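Heads up, the thing below is written out as structure tokens.
All chains are identified by letter, namely A, B, C, D and E, in their written order; residue positions are counted from 1 within each chain.
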Amino acid sequence: MVKKLYKLGLVVSLGMFLFVLFSDIHNLDRTSKNYLSEHYISEGVQETGAINLVTSVLYDYRAFDTLGEATVLLTAATILAFLVPVTKADMLGTTFTIIVYQATKYLIPFIAVLGVYVIMFGHLSPGGGFVGGVVMALIPILLSLTYGIDFSEYKLTPNTKKVVEDIGAIGFILLGLLAVLTGNNFLANGQAGFPLGNAGELISAGLIPYLNVMIGIKVGAGLAIIFNSLMKEQ
Amino acid sequence: MDMIVTLLMIFLLVTAFFMVFTKQTANAVIAFPIFGSILVVLFVIFQAPSVAMAEAVITAGLATGFFVITFNKTKDSRKE
Amino acid sequence: MQAAIWLIILPLLTAFFIGISKVFYSYKLLFPLVTGSAILYLYLLISVIDHSYPPKVYSVGDWGLLGINIMVDPFSGLLLLMIALLFLPVIVFSLKYITFHTHNYFILTYIMTAGIAGMVLTADLFNLYVFLEVSSLSSCALVALKKTNKAIEGTFKYLVMSTLGSFFILLATILTYDLTGTLNMAEISVAFQDIPFQIKSILMAFFIFGYAIKIGLIPLHAWLPDSYEESPIPYNVLSSGLVMKSAVYALIRVLYILFGFDFLDETGMLQIGVVWGVVTFLIAHLLAFQQSNVIRLLAYSSIAQIAYITIGLFVGTERGLIGGNFHILNHAIMKGTLFFVIAIFHYSLTAVDIKDLKGLGFRFPLLSFTFVVASLAIVGLPPFNGFISKWLIVEAALDAGFIYAAFSILVGTFLSLTYYLKVIVTLYTKTDKTIEMKEPGLALKLPTIFLGSLCIVFGIAPSLPLSLIDKIPTFLLDHEEYISILLGG
Amino acid sequence: MITPGLFYLIGALLLLLPIREKMTYILAILMTTAALMMTFYLVPGDRVQLEFLNYTLTPVKVDRISKLTGLIFTFGGLGSVIYCFRICSRANLRLIFIFIGSALTVAFSGDLFTLYVFWELMTISSSFLIIMASDGTKKTGYYYFLIQVAGGLSALWGVFLQYAATGDLALKTIEAGIPFFMIAVAIKLAFVGFHTWLPLAYGKAPFYVAVVLSIYTTKVGVYVMSRLLPGIDILAYAGLFSALFGIGMALLQTQVRRFLSYSIIIQVGYMIIGISMGTVAGITGAMFHLVNHILYKTVLFMAVGVVVYTTGKDDFENLGIMGRKLPVTSIATLVAFLGIAGVPFFNGYMSKAIIKDAVNEPLLTWGLNLMSFGTCLLFLKFIYYAFLKKSTISLDKQPALSMQVGMGLLTVMMLVIGIHPVWLESVTNMDVAIHYFDKKHLVSGIQPFLWSIAIFILIKKYVVKNYEAPLPYDLYRQIAKQVVTTGYQLSNYHDGKLTKYLLWTTSTLIILLALLLF
Amino acid sequence: MELPFVVVTILFCLGIYTIITQKNLIKIVLGFTIVESSLILIFVLVSYQPGGTAPILDKAYHLVVDPIPQALALTSIVIGGSVTAVMLALVIKIQKRYRTLNVDKLRKLKG
């Protein structure tokens, strides 16, 4: 019992420190220092051509973070891929009524359209590579949930998913290297002379849509691998 | 506007405490998507749509799936 | 200065290409791809280290101060030198040594190296967090490669502890952004001047706590021996040589550049750091004596050696920094040799306990000689490199007035001798049972002897590495120089 | 102008080459004689400067005392290498060469950094000599290495304090950190409180290792003491007490090599008294005593080595073989006995006379007489067993020729010094203004010897009886046990429970926050 | 504007508390997700200015919310998600090998 009280005391004092920190920060007189966000908001659209500022930060100003983060996802997928033994093990193994099978069959094209929409319109509306990729990953997940893993494995073998994921990652880096070919730094978009087009249209903002597509492919394949290996875990 | 935020915040806390202090993990795993979706609504109110979408899809969506699979696969040691 | 960015991209590209080659050509393509990129990587590292003296800035995406900047200065030059020294031997060693999940092993090693290179080069706070996450997740994966019970348990504990640390680092990063509005280290340290004392010290505490978990100072070290025990041993070389060192690098970079030396002095963090280091290595040496498994023994000794480095770096004088950095380099080499020799013994006759090593001294005379040289070096006896860096650290501690720290380092040297001598003595006791063993090939012996000879070379001629290391304190102690270059760049 | 030690170190490296057995002998002899010639032509006063790690080091500095020590070290090295290079394996020979090389470099070192580096190198090579010898010597080697490194580390701490106080590393009498240097030298000299390693190491190690070690380990300690801590009076009395303690313990020993190692402690007592007089005469006396002691102690160890080599065991009974079967060894032992007993016209007398002359306090002179009386008594027991007592030990194998040549070399040198001591002064041009053979010195030299013969005849049965050696209460093993148990309790805390580890982490976080804020 | 930061602190401390006290492995991973969600909530709170509009500049605006923390939040969500996935996979493996979900039974690595 003393141990529980001690732990509670620790956590409460941590909370006290945090609260002191937050209240200090809160009533610190904020001379508007963050010129960085002012700059992004004012010139963001001209410099990157993307309406959605979050995507412009993610895929142009700080595209290096996204590369690092995509590697984290790839590592997670590799870990789960090799943690799983080769034997097949279907998860629920429950047989559903005909309605479920038919519904999934008809649902899949709509999910695919939604996924592609979210990826392609990443720089115009909220969403983008990550979110669209996850939506695309729903298709193999839905298949393995309803029709069982062997069917979804048959449709999309783990090897193809691994290859698709790697292609996505390599594509991201090669797009970054495109700028280096023209003499600019890695992952340079506007400066490297890629046509930014006029903001608001689909084909605009230079490299960003292609980076979005690459990340979308990668995240989709990665999460499909993660989900299937979790289900096959033995 | 503030009314909704305070309400949602309190609801968020209630779900979090429930998730942590319930006896069976089944209740915790079920309460998790509720926790996720309240967060999504909060993010939308705080004008962060892309974060809300990502949160909805990854934390509320996939993480719940992972939790359900783990919970399902660890059936036979749930009694203790 | 294009080569700097290539240091991070090349390993990633190789990792992804190995991923693809796993599916199509599987084994034929692995060997040329891995060795080719390792040699190319070595060439890139050497070229970047050469002109690391006047620090250069490389902004990713041509965004100048808006985007992420990569900066190469003597301190990161030293870490790159260590990557150069350790990476090729480990790759050559593991090509022959790793027989299970070879593709995954190489993918994860390359990703880990990319993470470490990223942490070492970046001059952006959030980017530092992302690459920290990359390197710790991939090192967790490498720990779990053998999928034995102990490996899984070790990975889980490692992942839990390191993610807890990362959460606090992320919390501190967000709040720094909230306070200063930028993520570039130079601008942050400029904006940090007028932040009140209390906020800055809480943020500093979070940063130190996060990185201390990754470094493994005493109360936070429990995951380290567990994660070393069942992981593939060439990974241990990289982990104790590079992963812990990049955490020390990041801590020193954050403390000295962001908070500045005088703030550290003012909060008394230097004294706390030195006391923490002293407590750590005394307890670590005592624990190491208790171990029967050689790998756990080496893990505890790594904790103790990292504590020497923290003392060297927290002493705060220029000589202390030089001594600490030289010990970073030395420890990587010495610990690398020790792990390689143990890996060869493990490879030939799965000998991991100390009593299994009985009689190997006569069966593998050259390898045991390298083991003896490396362990005497790591203890800190004179003719080898460990002694030189310990001499510098103790002298700096004395100059800076930490008499107790200097004296306890000598006590630590004595304690570390007790358990290393235990292993050496068992190595040379004769045993009657015939040792059936596979003669280790050249690919296994060459890296070991290369690192072992480095121990002696740096001991006799320390001016070779010291010429690079002497330039480090100018950019750390007064961080104006570093900031002017980063801002000017 | 390179240190003679370098010859030995290069020799050690050359021995790495896979050359035939014959070649190793030639190489060994070549190296040792070259080193002897080199020291002979060293001129006091020249030095070598070296830049290292932004200090200016002087690895080589020659002056009269270091030349004398260098001479006797190289001469002793020549004798011992000839003695044992046919018996010991090539690896041990390499270690012996490194050991002698580093001892010589310490003798000629001009600054504290080189002194410390080669002091540690000596420890490493000597302890590996003991460890690699056989399975029995593992524990002793472990114990020896730890105690010697402890001594080295306290010397290092003294060097740091000295550097912090004076700012340079030159070798001169120490101002700061004197107690730490005292501990280091005491461990090296096997002072009374720190002597436990000496009988253990020399008792268990193979006989040729004991021969080589006996020449250098304690003598380097004496040399360093004369360089760093001359003229501390209370050390004289401590030296006296340690010598008397040595006499007591030597009487109780059954194994001859332990008996000889305790007798080293007695003789070292002489040198400590000489050095801590502080006067030039005292120091020169101590140095000469060092030279003589090396000569007769090594011969005695070699003789016992021959006994062990021929009969396999080194108890007092086995000594009986010396009288009848080993003519050369018995002559050498007789000369050495007369030398150590301080009988005039033999080498021990000359240096004891100088020290007696240099000492002025009455208590010390009385002590010196008592010490020489004690040594004579002890060695009478040795001679009694060797020659007078009849023993039936048979001869297993003939002693190797090289062993006898090494012994003969040293005996000849002893006779020369004994008969013509002034020759030794002229070699190293250290003139000591006393004429040896006047009446006063002769009487003070012969008197303890006669007294000891008389006493020996009276209490023969107490001296000769075999006492079983008392169970040595070892303070250091107790301390070590305490440290290990604390380590054991600490490691019990790591019982693998993750919640416990996480508890530690959060408590450190709170402590860190509290420390920084308040 | 005080309440959200209070809620975030409570959530953070609750997450840390679960990680420390809970015996059940799934509950511990749950604790990790709670801490991670509170961090993302901090990201959003830092980026929110009262009266600001979303960072999609397709219509006229007078005050826009700060886009950078949102981008960083997106990255942290994905990192947190993949770390949770790895942890849960390890939890399943531990359950299969150790036949228990109780943290205190994970005691093979000692000393």
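One rule holds for everything that comes next: a residue touches a chain if its C-beta (ideal position, glycine included) is under 8 Å from a C-beta of that chain, and two chains touch if they have at least 3 such contacts.
This one's a predicted model, so the numbers in the text were calculated from it and none came from an experiment.
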Chain C to chain E, fewest steps along touching chains: 1
Farthest-lying chain, centroid of Cα atoms versus that of chain B: D
Of A-D and A-B, whichever chain pair has more C-beta contact pairs: A-B
Greatest separation from chain E - chain, by CA centre: D
Closest chain to global C-alpha mean, per-chain Cα centroids: C
Centre-to-centre distance between chain C and chain A (centres being mean Cα positions), rounded to whole Å: 31
Inter-chain centre distance, chain B versus chain E - centres from mean C-alpha coordinates, in Å: 11
Whole-Å separation of chain centres (CA-atom averages), chain C against chain D: 43
Approximate Å spacing (C-alpha centroids) for the pair chain B, chain D: 77
Per-residue overlap in chain D, given as positions that touch at least 2 other chains: 491, 494, 496, 498, 502-503, 506-507, 509, 513, 517
Chain A, residues touching no fewer than two other chains: 7, 10-11, 14, 17, 34, 36-37, 40, 52, 54, 62, 65, 69, 72, 75-76, 79, 83, 126, 130, 226, 230, 233
Residue numbers of chain C (touch at least two other chains): 126, 130, 133, 137, 140-141, 144, 147, 156-157, 160, 164, 175, 178, 183, 198, 202, 225-226, 290-291
All pairs of touching chains, each written as two labels joined by a dash: A-B, A-C, A-D, A-E, B-E, C-D, C-E, D-E
Sites on chain A touched by chain D in the complex: 3, 6-7, 10-11, 13-14, 17
Contact set on chain A toward chain E in their complex: 4, 7-8, 10-12, 14-15, 18-19, 22-23, 26, 34, 36-37, 40-41, 44-45, 51-54, 56-58, 62, 65-66, 69, 72-73, 75-76, 79-80, 83, 124-126, 130, 200, 219, 226, 229-230, 233-234
Interface residues, chain D side, partner chain E - complex: 491, 494-499, 502-503, 506
For the chain B and chain A complex, residues of the former touching the latter: 49-54, 57-58, 61-62, 65-66, 69-70, 72-73
For the chain A and chain C complex, residues of the former touching the latter: 17, 20-21, 24-25, 28, 33-37, 39-40, 60-65, 67-69, 71-72, 74-76, 78-79, 81-83, 159, 162-163, 165-167, 169-170, 173, 176-177, 179-180, 184-189, 191-192
